[in-house]
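The two complexes that follow have subunit A in common; it is paired with subunit B in the first and with subunit C in the second.
Let's turn to the complex of A and B:
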């Protein structure tokens, strides 16, 4: 029984090591036409999202997405548009993670790449923006 | 609201009755009651005392008061000048303390039941009730002046949006078992914590008439919405003078709306009938219908905010729809939609438009139905489309169209066996059909491309869409430049995503080079070519991978190439040949003969590995000379960046018309 557990632990360690290796080896700066198109689209949207990050209406989630945090900071008439912006941004982000994984020739790395990006977005966030900590609670940077 | 006022009145009455009772029977006046429990409220640990000179100071304290499921702790009513004479008790300087101290006055005559009470929380705010408490002949009139609505927050469930502003003024009359309310609301604002259910500056009127009938109530209500904005995820609505009138009955565990009408200014009127089972919390037989909804206003007022960031975010909508639907506890039972002269247009980007849509779309739960739509015309990516008749077959969430012909320019797209449905993985559909010849001149002109000759025609094999992938079994053939282009193994992944991905194999046979070079102003080449593109992969319509080979078609035909074409080909591949022309007698000739033309490109990671018809010293032959005078073009660059290649092609073709190469 203990031997079996030891074996399990060993396999787990091995898997984790490989997962770490995989993330380490992925080229996150890789560029393809698809990635360029997604980055362009996200860049255009960023001008609309920036004031929403600043006001705390939208925050960065721990899984590499953005989410509506507190719509009260947005004028009523624009709240539906904020929903749409968040949905469109998340669609692009999902496609970006998928494309980077594909461009690396490793579609199975998608979730690792997403996790790496989630931390990157939070590191790059400006002071005053909100992000989700590891337990999912909103924190002001 | 009506109920709350009645309860408040009843509480005063109870307090007053108790006071008179003590006066009649005791000298030492103080009273303690553990609990008072009534259906609508309960009071715990009630203490009342009379003291001071002439026993004129009343103090009534309730440890815990529960009204409608909400609690108040340490509620007190004090009166500094309680007056009693005979059966009448009154107070002009009372204070009600419910966390906030509210000045209060009241008077009550126990013999006739006459009651007046007034709460004055602020100089401009009054809550008044007057009338008679007399069993079935009870008549009370409540009057509100600028009543602050935030006071009701404590009555609302914790999950409900919190009122942050708002005033109510008006009257509520209770006559025996009939209630009549006329209330005007101003400046209402509310919001929940997430901001997904919120309103600002809401103004309007509420009128309610209700009378008990048998075991229940018969009621009618009219709401008018005059001012303000409302966001109720995902819907945003602004006041436009909308009105809702409902008439119905409540009793025996159910409410029935016998008749209702919702007036939406500029859009139309919606009539409804419905019933609600209170115990089971389910909808009974429900009917909603509108004879005429104006789609332009419906889109602007209600749908546009919902469709932001989609292809439908910037429409000009016109026309009417008649809608009728029935539903019950187990969902929708039937839907009938009739469209009349409906037009939709993508305003700024002009990606699509449809004009003059008419027809009817019937749907029944668990039944197959047939409907029909006609379009007077449409436009898709600047391509004009003629009149279309669409016969619809509906069943559940499935839609099928047997056959329809979509006229495009001088040809048509004839589609058959279209079938669509939803699955757990999203939409799925399939179709097949054929392209009846469409002139390339007209097509390229309509799309703003350099004029090409020939015609597009061919068979559309089985096309399927599902799991966000469009795939085609069989081959799609297009006749163009007097030759044929065949596409097979076509697969389009996420066609509606940000970066669609296309996989295909292309075969081109016998394209007329003269037509082709004339179109793109490349200089003139006479002859024919074949091309084969294997493993074509486009992402966001940009090639990322391909193995392309272009070469002269087999057979006998005139083969000539102009000096300009030679220069252009040289510019594409390398400098050698053009220099040769400059230096030699060859520049005196306009045209040269050739034996073969060939060029291949293996595109990987943005770099094109090039090759020609055969090897040459330090290079490869792109044009192999033949006849008199003859010329050969040699390429020396084997690796060319795809971007650079496209730039060069653009430069060459730009001088004439718009470049077509993306």
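Let's turn to the complex of A and C:
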């Protein structure tokens, strides 16, 4: 009898656990004007960044940024422009991670959001693009 | 004896699950963040077929 009760308690606990899990799976808020503006800005910049990813000049870093990986892949005359492009992209990315954390009322999530994005940028990168592995070495996808 | 052991197991399980719930609520919702990241990256990199638009707006970048 007590054993049956224990089993019941166990099942109840499991049900509660799944209910809690389902609640934790709600979506993050990303529909804010600030996030939409950053998204647009990055989307426009991507037209210029795409050939740089493809040539290996620019790669995806393990911390959710982009970096000039191979300066020699960029003609000298365009290097300053590429550096500016990389800096602007990283600025938008930092703002994006911060804004998502803020939009969800959890500024302390910023570094976790950055880490999540770092992984997903790399997962979604096209074959041939370069990314940094966990130890910081550049790897061609 | 077995009944006591059963309750003990249930108690320990409850403690673990509660700890898990607290962990989930206080710490980071990784799956939700991943979905949010995917939605944004698909948009920025134009990875979804319906998101691909004809090249109408070109950013004036070259100084």
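The working rule: the second predicted complex is superposed on the first by the 112 of 141 C-alpha atoms of A that agree within 3 Å, B and C clash if a C-alpha of one lies under 4 Å from a C-alpha of the other, contacts with A are read in each partner's own complex, and residues count from 1 in each chain.
One rule holds for everything that comes next: contacts are C-beta pairs under 8 Å (C-beta built on N, C-alpha and C of every residue); 3 or more make two chains touch, one makes a residue touch a chain.
Keep in mind it's a predicted model, so treat the numbers as computed, not measured.
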- prompt: Looking at the overlay, does A:47 come into contact with subunit B only (first), subunit C only (second), both, or neither?
  reply: second
Query: With the two structures laid over each other on chain A, which partner does A:120 touch: subunit B (first), subunit C (second), both, or neither?
result: second
Task: Please indicate which partner A:34 is in contact with in the superposed arrangement: first for subunit B, second for subunit C, both, or neither.
output: first
Task: Please determine whether it is subunit B or subunit C that touches the greater number of subunit A residues.
output: C
Message: Applying the document's definition of touch, where does A:134 land relative to subunit B and subunit C: first, second, both, or neither?
response: neither
- prompt: Which parts of subunit A are touched by subunit B and by subunit C alike?
  reply: 35, 81
- prompt: Contact residues on subunit A for subunit B in the complex?
  reply: 32-38, 41, 57, 68, 70-74, 76-77, 79-81, 83-85, 87-88, 91-92, 95, 99
Task: Under the touch definition given earlier, write down the residues of subunit B that touch subunit A in their complex.
output: 191, 193-196, 198-200, 229-231, 233-236, 238, 305-310, 313, 494, 497-499, 501, 539-540, 542, 544
- line: subunit A partner, complex, touching residues on subunit C are 2-4, 6-7, 9-10, 13-14, 17, 20-21, 24-25, 28-47, 57-59, 61-63
Message: Show me the residue ranges of subunit A that touch subunit C in the complex, using the header's touch definition.
response: 1-3, 5-7, 9-10, 13-14, 16-17, 20-21, 24-28, 30, 35, 39, 42-48, 81, 96, 100, 109, 112-113, 116-117, 119-121, 124
